[in-house]
Amino acid sequence: MIDVAIIGDGYTAADLLRLMAGHEQLNPVFIASIDHVGRKIHEIYPHLRGFSDLLCEEEDLNKIKSCCQAVFLAIPHGFSVPIVRELSGAGIRCVDLAADFRLKDPTLYQEYYDLKHQAPELLPGAVYGLPEIYREQIRKADILANPGCFPTGAILPLAPLLAAGMVERDHIIIDAKTGVSGAGRGPSLINHFCEVNDGVRAYGVGTHRHGPEMEQELTFAAGDQVKVCFTPHLIPMSRGILTTIYARLAPGVDASGVRTVLEENYRQEPFIRILSPGVMPNSKWVYGSNYVDIGVFVDPVSSRVILISALDNLVKGASGQAIQNLNIMLGLEETRGLSTPGMFP
Amino acid sequence: MIDVAIIGDGYTAADLLRLMAGHEQLNPVFIASIDHVGRKIHEIYPHLRGFSDLLCEEEDLNKIKSCCQAVFLAIPHGFSVPIVRELSGAGIRCVDLAADFRLKDPTLYQEYYDLKHQAPELLPGAVYGLPEIYREQIRKADILANPGCFPTGAILPLAPLLAAGMVERDHIIIDAKTGVSGAGRGPSLINHFCEVNDGVRAYGVGTHRHGPEMEQELTFAAGDQVKVCFTPHLIPMSRGILTTIYARLAPGVDASGVRTVLEENYRQEPFIRILSPGVMPNSKWVYGSNYVDIGVFVDPVSSRVILISALDNLVKGASGQAIQNLNIMLGLEETRGLSTPGMFP
Amino acid sequence: MIDVAIIGDGYTAADLLRLMAGHEQLNPVFIASIDHVGRKIHEIYPHLRGFSDLLCEEEDLNKIKSCCQAVFLAIPHGFSVPIVRELSGAGIRCVDLAADFRLKDPTLYQEYYDLKHQAPELLPGAVYGLPEIYREQIRKADILANPGCFPTGAILPLAPLLAAGMVERDHIIIDAKTGVSGAGRGPSLINHFCEVNDGVRAYGVGTHRHGPEMEQELTFAAGDQVKVCFTPHLIPMSRGILTTIYARLAPGVDASGVRTVLEENYRQEPFIRILSPGVMPNSKWVYGSNYVDIGVFVDPVSSRVILISALDNLVKGASGQAIQNLNIMLGLEETRGLSTPGMFP
Amino acid sequence: MIDVAIIGDGYTAADLLRLMAGHEQLNPVFIASIDHVGRKIHEIYPHLRGFSDLLCEEEDLNKIKSCCQAVFLAIPHGFSVPIVRELSGAGIRCVDLAADFRLKDPTLYQEYYDLKHQAPELLPGAVYGLPEIYREQIRKADILANPGCFPTGAILPLAPLLAAGMVERDHIIIDAKTGVSGAGRGPSLINHFCEVNDGVRAYGVGTHRHGPEMEQELTFAAGDQVKVCFTPHLIPMSRGILTTIYARLAPGVDASGVRTVLEENYRQEPFIRILSPGVMPNSKWVYGSNYVDIGVFVDPVSSRVILISALDNLVKGASGQAIQNLNIMLGLEETRGLSTPGMFP
């Protein structure tokens, strides 16, 4: 058993605990909270009653260093940097679910997160945690930057096609539809039931922080600058992201070529399912699971491909991917704790 | 046109404005806010764009006295008392949507609302605003205590049967299911989308403040002490309350007797619909409207009657009833501004 | 009072009745049903209890001819043609909410609806019922083709910009998110609660029938062939469509130019609201109303405009627009019966 | 590995497969369908892609006899009897998720299910599958009558209290709130999204088939005739049942007595969680899991106890309990395949 700590008590922390309840090798022994110190975590999250008896404690890095081999940081951006610096320096494997180590360029971080990065010297060594792309680097990572939920849904369908030169690098439109848990557990008008229920709206149009993260990784994949137009929409559901991607085919590329590249690229991947022709994903099919379902439609007349991906923002978009990454970092079976189907209906 | 003020900027204030948009005789000219002073109300509630150009202002009782004939208080309990004292003293008709003037007994108010009532001398003159019971008193009211949403749904089916001695005064169970807007617009974990969506729970079991309000009015109706067991449940919908009432029939009472009393009692009422035998109400049928639908089932074997009522908590449970009451107080047509069907689907 | 008939008993028929309940000049006197002949419409739709006492009857064109001046056809495509031929021939004003008279080209109709059009000779005279574009023609129309819900949401933001040459005619992406009522009341796996709730999916990718309808009207507006890529998504809400449109700006066009064209074009329109800069629409703000809210975002770097519109698919996307059209056809005030704000929350 | 068959392809069949995906000893090898013969089950339920490659086949009892040791019947009532007669006669362990073997009295079955029971001679041997009550009998059962979802939620809190004589046998009110999946996957107006969303209604008032099933088991527990008043309500959620039970305390019984009986009775039970004083269950806390959470409130003034239970109707209310029962019947570890927490949010 490998003892791990969780810093944070929001929805991603809760889903780490839910998933580790079925993981025989990761043992959560410490959870740091701000608002709930002294209470059992199952009082805060009663669905975990019988699964975790952990007490919420104040953040205590010395204690984590003395009792844990790895730590999940499930806190807002900006707070991870000092913790990661100290813990990774002490040999603790750090998986940061926040955004502090995702962008390689600290000026971009400053521009989009309104914060000067406090440890830019750590950025080159941090590994971007998309196992389907960076598995080898993840094995040796000390600092793991767990990807954003939207980038995960956008990069996985696009990266192989950009790498193969099958779609054009400009004119990429990414229209995402997300559930409300992505906005966190802190109450606000944004996640108020009555403001969300039975309606839909866009937000962060043209300015969302996940845009540059997508562009960074898609540019790496393409080997040349990629620009995307990313628009997220909030819809009345708890979990899930459906990402509809519109891209133009490179000259001479057809439907079967696109499909072949995706299928071959992901044939061995345990959590990617390329759906059959004519089938488009439904976010409910991956609800609670670590899967990404990808549907493909090519319109030969307009030379356009529509890629649609579905994932659970709290699992493959956050806590599930974090566990997948830590499994790889620790040399465990990569799918450990994650081999459950989505919950439908 | 009669100029009116609204104090408060929550959901009930918004629904007052929505309903008055279709009311040709009430003209909202002032709205007091705490958080949004200086902003147009249609910036806070964009569905009202084109219908109200009011600017949110600081509470200013002198201004209200100088420009309005009536005021709606759509604020939390405890804040209404000093305002009502001053404005009603100046001849402004006051409709209080909060709880400050509902309970005739100030010690009960103190017990349930944790506040000493600051103007108990006004309580005898305040009229409880259920037009179906107190229409004559409402005509002459200066201070109108608009009923709670749950009491409205419980009293309307029960009061005529208790008054007629057709159901027993004890053993009354009231199991209510409410939408989330009843919890107000202020963000909290209680109305967080992810905490409510796709689930159901009870709250305030045995302690909800609307219990004594029901008992007060049902006792008046019965002419003798009535005790109820009231349990509200929160369900994933924006508007609506369905109230399921279990009561025991008095000896000798049968189904047709119960139905006859309800139908005759409410025959002339513009907003009460007694449903046909075998039909039970759906809260969506009254969504956005001022109607109360009531279904009746009598089990002769167990001598029990099940009464089910449906209403919209923001309309007949708050703002619609408030307008109905003010219509009566001002001698306007009672249904003015309220004659719209529910929105279905 | 003008006596009108409704053919059909689905959700659009119900919303016609709901809206006419507040319309003092249109009087529904006949409703044709297949499944519910002999039952009161308020038994099928209890929210209409007290508002309509109509009995569902078998379709009887002679009766309609003898008692009505106008008819709404709220039936599936393919069924309208023979009815419209007969009734319009008899001088009855026909408003067809189905698709039979929308496409000017009968071969396109055949391709997308899998039916040979039975009265192509009537197509030239039928008027496409978008009042914001065809108001003058609608005044004289005998046969009114009420637009599809998706085309309404796509054409209104785009047409003025295409007409002014401000956006390019290719590369137009239309990503729509719709509520479930658009799929009708007939039960199917598509509208089963558990198949829709808490999830999202795309459907009809690349093949939806509303694509050619959009292209027809946008081509008319642009004066040259327009091609769109249209992808609808089903989301868990009852009413509403949010349409996100991605288009490329013509050379030299900037944000203020786009905004000016839209604002000036729609300044006089009673049901179009161009939102302020930085504000994007929410379908709940127009819930139950005849409004279309339009938000605009221009990204000067990529020379792209994002237009987002919100409407209620059953109102401005169907029954409300049908009443607006009939108001115009009959010389009534255009907004009659439609001047209510959206219902929020 | 024990090879099992599933007869039926509805939601309970799908949840059997979902749960068995995490069960290392039960191996589904056959699934009988009517509508989908020849298709892979993961085409019908794409969330199972990668977990089950089973082909839907026609019902073939000989094949089941030759290849399976146990069978789950996940079909409508009335169809199980002949299948169970044949398969149990051949030594196949039968777990019937339908209602055919629940009621010991065939005349009651005929009254409530409108069918003459075709094998009343099998009823005495069939075991009612509530492990918390009948674990010893289940070990030896050949025919297992899996309980109804509502009875499970009502019996578990009440039976120990009735057995201990702590609550009175009459005046028991059971007010249940259920999600929509209980109505099955077959499309109907009852489970149409728009008929359910954002509303609530009661159904089957006074006539629901689960009433006599509750009374049978509660009478066994009490040792004397128990009568209940059972009213189910349909609310807008996919999974889950919250059951609010109102009962009168026997003379001299107090809150701590009630709590002690429940806690002691269920201390060893792996799937029952008695919540702490003041905590009431939320159906979302048990979403997708086999748990039953029970909250207790005693009002000493009125001598009434309110018991509230939460379960997932498809798991502890159907497929999870079926697997729990089969685990017991086969001598496997009882919790195998079922040790996962609920999914929240």
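Letters A, B, C and D mark the chains in the order given here, with residues in each chain numbered from 1 onward.
The rule is short, and it goes like this: contacts are C-beta pairs under 8 Å (C-beta built on N, C-alpha and C of every residue); 3 or more make two chains touch, one makes a residue touch a chain.
Not measured: the values here are computed from a predicted model.
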Practice task
Sort out for me whether B-D or C-D is joined by the greater number of C-beta contact pairs.
Solution key: B-D
Practice task
Give the label of the chain whose average Cα location is farthest from that of subunit A.
Solution key: B
Handout entry: subunit B and subunit C: spacing of chain centres that average the CA atoms, whole Å
Key = 36
Handout entry: Approximate Å spacing (C-alpha centroids) for the pair subunit C, subunit D
Key = 45
Problem - Rounded Å distance between subunit B and subunit D, as computed from the means of their C-alpha atoms - result: 39
Problem - Residues of subunit D engaged with two or more neighbouring chains - result: 11, 179, 181, 194, 197-198, 236-239, 281-282, 284-285, 287, 345
Handout entry: Residues of subunit D defined as touching subunit C within the complex
Key = 11, 179-181, 185, 187-189, 191-194, 196-198, 236-238
Problem - In the complex, subunit A residues that touch subunit C - result: 171, 173, 175, 177, 179, 194-195, 197-203, 205-206, 227, 229, 231, 233, 235-240, 242, 244, 246, 280-285, 287, 295, 297, 299, 302, 304, 306, 308, 310, 345
Handout entry: Sites on subunit A touched by subunit D in the complex
Key = 11, 14, 18, 21-22, 45-51, 181, 197-198, 238-239, 273, 275, 279, 281-282, 284-289, 291, 293, 339-345
